[in-house]
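Some structures to go through are shown next.
Both complexes below contain chain A, partnered by chain B and then by chain C.
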Partner chain A sequence: MDLSIWIVFIGTALIGISAALVGTFTFLQKKSLIGDAISHSILPGIVLAYMISGQRNTLILMLGAFFSGWLATQQISWLQRKTKLKSDTIVAATLSIFFALGLAMLSYIQGRPDDGQAGLSDFLFGKIAALNIEDLYLFATVSALIIAVTFFRYRVMFSFAFNKEFMISKGFSLRWNDFILNSMTILVVAMGVQAVGVVLMSALLIIPVLTARMLTYQLRSLITLSLIFGTGSSLAGSYISILGKNIPTGPCIIMVLSMCAISVALLLRVPFKIKK
Partner chain B sequence: MKKAVEINDLTVFYRDTLALDNVSVSINSGKITGIIGPNGSGKSTLLKGILGIIPVKKGTVSFFGSSLEKYRSKIAYVPQRESIDWDFPITVEEVVAMGRIRPKKWWSRTTMADREIVKETLKKVQLSEFVNRQIGQLSGGQQQRVFLARALAQEAELIVMDEPFVGIDMASQESILSIVQKLRDSGKTVVIVHHDLSVVAEYFDEVILLNKKLIANGPISEILKSENIEKAYGMTLLLNRK
Partner chain C sequence: MNDLLMILTACSVAIPASLLGVLLVSKSLVMVGDAISHAVLPGIVVAYLLSGTKDSVPMLFGAAITGFLTTFLIDFLRKKWRIQEDAAIGFTFTFLFALGVLMIAIFAGKNSDLDQECVLYGDLETSILDQVIVGSYLYGTRAILQLLPLTITLLIVIIVGFKGWKVWAFNPQFGSFIGIPIQAFQLVLMLLLSIHAVLSFESVGVILVVGLLVLPAATALQFSGTLARTFLYSACIGIVSCVFGVFLGKWINISISPLIVCVNGLLFLISIFVLPFKKSIRSS
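For the complex of A and B:
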C-alpha cells in the first residue's frame, strides 16, 4: 500500500479513538447535544481561519475551529445562567446561528475566483483523502493529549457525570470540569470534521458509546467497547469511501457505525433498551 | 455545647424566588439534628446553601469555627434520591469509591487502602454481596444504604443527608437509623432533612423547623410540645403523628 493510504488509515483510527473516548464522557454527562452544537458551530471558525490565513493548513483551521467552538459553548452556558430558557432550546438556537453564519461565509468564499482550491466544502461531509503527513502529526499530538487527560481524569469526570452535587460538595469545580470536557470535545470535533464533516461529527461521538451501553454497564468495558466500535467503523467506513470514488467519508463511517448499533440492538432483541 | 454548624442570616434566591429568608441557626455537634418542613420550605436549599452547592445571596456559615473550604474534607453529603440517575452505568462499589476521591489531585486513582475502606463500609451497611451490581438493580432501601456507605467511606465528622427515608421500606429505615445512631454515639454530627415529624422524629435529638424562615429549633421533646408545628404546617402534621 502506498503512503497516502496509510495516512488515511492512521488518521481515521486516531479520530475514531479520540471521538470514542470523549464521546463516552459527553454521553455520561448527558451532553450529547452539546457535541452536536460544537460540531456545527466550528464551521464559521474554520472558514474565518481560511479567509485570514489564505491557506488550508490544518493547524490554522483547527485554531479557528477551537475559537468558534469555544465561543459557542460560552454562549450556551451564559444563556443557561442568565435566562429561563430550557437547555435544548439554547443549544438548538446556538447550533443553528453558528452553522448559518458558517454556511454564509463558505458560500462567500466559494463565489470568489480562488474557489475550488480551498476544498472547504469537504468540511461539510468530510474527505479523509485530503489528509497529509503534517496533519497526521497534529492528529497524533491531539489524540495523545486527549488520551492522557482521560487517563488522569476519568474518575473525576465519571463521578461528575453521575452526581455533580456530591462532587461540588467535596470541593471540585464544576466549571473547570465542564471546561475540560468542552475543550476535549472541541479538539476532537476540530480533528474529526476532516474525516466525517461538520454535519455528521456528533454521530461519531454518540453512536459508539450508545452501542457499547447496550452491552455493558461497567465503565471499563464501556470505554473499551466504544473504542472498538468507534475505531473499527472509522476504518471500515473510510476504506469503503476510498473504494467507491465519489462517496464522502463521513456518511460511509456513520453508516457502518449505525449498522453496528442496529445489529447489536437486534442481537440483544431489546431494541435500544440499556443494560442494567 | 460545641457548635458543629453556625448559620448566620442565610438568604437564598432561586432566580427571582426567595427560597430562604434570613435563617440564623446553629447545629450542635455529636447530635442527630432533623431539618423539618413542608414541601418547598427550603430544607434542601439550606443544605445545598451551606455546602456551597448553590450560590447564596447573603449570610455566613462556619463549621466547627472554620470556613467551608477548610472543613470540606470532613463533610459527607448524601443527596436526594430524585437527583440520581438510577440507569447510570455505575456499580455499587464505584459509588462507594467516590467517597475516596480527593480534590486538588491531578491523578485520581483508587489506592489499596481506599479499596479496603470501601470493602469495610459495604460490610457495615450489609451490601457486600452486591459490589458489582448496577445501582438500578437494587431496592430503594439498598440504594439509600449505598449512598450512606459512600458517606461512611469519606470518614467524615459531619454527615448531611437529604430526605434519606423517602421511598424505602421499614427494614431499611431501621437499618439506616441504627447506623446513624452508631455514628452519633461515636461522636459524629448527623443532619437529616425530613418532610414531617412522623415516625422517624423520635430518632432525632434536635429539630429545626423551617418554612422559608426559621420557625423554631431545639430538643425534639420541646418542639413537639409547642405550637410551632402548627405554625410550620397547620394541623395536618399533628394528624400524621401516631
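For the complex of A and C:
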C-alpha cells in the first residue's frame, strides 16, 4: 500500500472519530442544525485566509475557518437575544448570509488572473486525496484536543444535555458550556470539510449518533456505537471513493452512513413484527 | 438591455421566494424549506437522465415527487423512528443531496451540461443567455417565462386562501376544529416550494435559494404587524435587493446570485439595528 493511501485512511478515521464524538453531544443538546449552519458559514473564512496568505496551507485555512465559524455562532446568539425571530429562522438566515459571502469571495478570486485557487472549490465537496503528512499531524492534534475536552467535561456536557435548569442552578455557566461545544463543533467542521465538503459535513455529525440512538439508550454505549459507525463508514466511504475513479469522497461517505442507518432501522423493525 | 433582463430574471426568482418565505418563517418551517431545496437534486438528476434534456416538464415531476418524498420522510422519521426534528431534517436532506451528487458523478459523465458546480452555485449570467424569441420579438428569458406562471399561481393561492393560511400558520388546532384541511395547506406549500427550487436552481443554485426564502421574510417581519403587510414588504425587499445585487455585481465584476443574497443579508442586519429606534419613536 502506498503512503498516500494510508494518509487518506488515517485522516478520514480521525475526522470520523471526532465528528461522531462531538455530534453525540450536539445531538443530545438538540443543536444538530447549528452544525449545519457552522459548516456552511466557515466558507468565507477559508476563502479569506486563502486570499490573505496566498497559499493552500491547511493550518491557515483552519484558522480562517475557525474565525468565521465563531463569528457565525456569535451572530446566531446575538440575533437570539436581539430579535423575536424563531431559532430556525435565525440559523437559516446566518447560514445563507455567510455562505453567500463566501461564494461571492470565491467568485472574486476565481476571476483573478493567478491560478492555483482551483483546489479551493474542493472545499465545497471535499477531496481527501489532497491531504499530506503535515495535515495529518494537525488533524491528530485537533482530534486529541477534542477527545481530551470530552473526557474531562464528560459529566458536565452530559448533564447539560438532559437537565439544563439543574446545571444552571448548580452554578455552571450555560454560555461557557455553549462556547465549548460550539468551538468543538467548529474545529471538527473545519477539519472535516476537507474530506466531505461544506454541504455534507453536518451529516457526519448527525447520522452516526442517530443510528446509535436507535440501538441504545445508554450514553456510554451511545458514544461507543456512534464512534464505531462514524469511523467505520468514513473508512468504507473513502475506500470506495478511491476504488472508483471519479467519485467524490464526501457523498460516498454519507451514502455509506445513510445505508447503515437505514439497514439498522429495517433490522430493528423485523423482530417487532414477529412479536406482534 | 442585458442588465434589465438580468434584473427581471433575478426578480422572477426572488418574488415567489420571498412570498413562500413569509409562510415558512411564520410557521417556523424554514429548515424544512432548506431541506427541500437541497433534496430536489436527485429528482432533477433522475428526470435529466430519463428524459435526456433539461426540459422543464419531466423536471417538474421529479421535483414534485422528491419534494413530497422529503416531507414524507421527515414526518416518517419523526413519528416512526422517534427521531427529534432537527436530526430528522439533517438526515433526510444530506442523504438525498449526497444521492444526487453521486448520481451526477457516476451517470451524468463529463460532457453533460449538468455538473455539480452549476447545481450548487447557479449562474445568473448564463441563465439569461437562454432567451425565448418568437418572430423577432424578445419575450424574455426561459427562467422568467417558467417562473411567471408559478408566481401567478402562488399569488392566487395566497389571496384566495388568505384566511386559511393565517389559521394554518398561527392556530392550526382551531383550524382543524372548524374543518379547514390544515394538512392540505402544508402539502400545497411544499409542492410550490419544490417547484420553485427546481425552476430556480439554474439561476441561483440550490443552497442560495434558502437565503432568498428566509432573509426578505425575516427582514419584513422586523417592521410589519400583519401578515398581508409582511407579504408586501417581503416582496419589495426581494425586488430591491435584486436590483442592488445586479448593479453591484456588474460594478465589482463578480458572480451576481451570491451578491443578491449578500444584499438581502445586509438589509436584514440593518433592519435589526434600526429596530430599537423605531421602538423608541413609538413609545415617545
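The criterion applied here is as follows: the second predicted complex is superposed on the first by the 266 of 276 C-alpha atoms of A that agree within 3 Å, B and C clash if a C-alpha of one lies under 4 Å from a C-alpha of the other, contacts with A are read in each partner's own complex, and residues count from 1 in each chain.
In this text, a residue touches a chain if its C-beta (ideal position, glycine included) is under 8 Å from a C-beta of that chain, and two chains touch if they have at least 3 such contacts.
Since we're looking at a predicted model, the values are computed, not measured.
Asks: Figure out whether A:108 sits in contact with chain B (first) or chain C (second), or with both, or with neither.
Replies: second
Asks: Could you say whether A:100 touches chain B, chain C, both of them, or neither, answering first, second, both or neither?
Replies: second
Asks: Which partner does A:213 contact after superposing on A: first (chain B), second (chain C), both, neither?
Replies: Both partners, chain B and chain C.
Asks: By the touch definition at the top of the document, which applies to A:85: first (chain B), second (chain C), both, or neither?
Replies: The answer is second: A:85 touches chain C but not chain B.
Asks: What is the contact status of A:2 with respect to chain B (first) and chain C (second): first, second, both, or neither?
Replies: A:2 sits against neither chain B nor chain C.
Asks: May I ask you to decide whether A:159 touches chain B, chain C, both, or neither, giving the answer as first, second, both or neither?
Replies: Touch partner of A:159: chain B, not chain C.
Asks: Tell me which touches more residues of chain A here: chain C or chain B.
Replies: Between chain B and chain C, C touches the greater number of residues in chain A.
Asks: Which holds for A:40: it touches chain B only (first), chain C only (second), both, or neither?
Replies: second
Asks: Identify the residues of chain A that lie in both the chain B contact region and the chain C contact region.
Replies: Residues 213, which sit in both footprints.
Asks: Chain B touches which residues of chain A in the complex?
Replies: Going by the criterion above, the answer is residues 28, 84, 152-153, 155-156, 158-159, 161-163, 165-172, 213, 216-219, 222, 274, 276.
Asks: Inside the complex, what are the residues of chain B that reach chain A?
Replies: It comes out as residues 15, 48, 51-53, 69, 72-73, 75, 77, 79, 83-85, 87-91, 94-95, 98, 101, 103-104, 106-110, 134, 136-137, 150.
Asks: Would you mind writing out the residues of chain A in touch with chain C in their complex?
Replies: 27, 30-33, 35-36, 40, 79, 82-83, 85-86, 88-89, 91-93, 95-97, 99-104, 107-108, 111, 121, 124-125, 199-200, 202-203, 205-207, 209-210, 213-214, 244, 246-248, 250-252, 254-255, 258, 261, 265
Asks: Can you list the residues on chain C that touch chain A in the complex?
Replies: Listed in rising order, the residues of chain C that touch chain A are 25, 28-31, 33-34, 38, 81, 83-84, 86-87, 89-91, 94-95, 97-99, 101-102, 105-106, 116-117, 120-121, 207-208, 210-211, 213-215, 217-218, 221-222, 252-255, 257-262, 264-265, 268-269, 272, 275.
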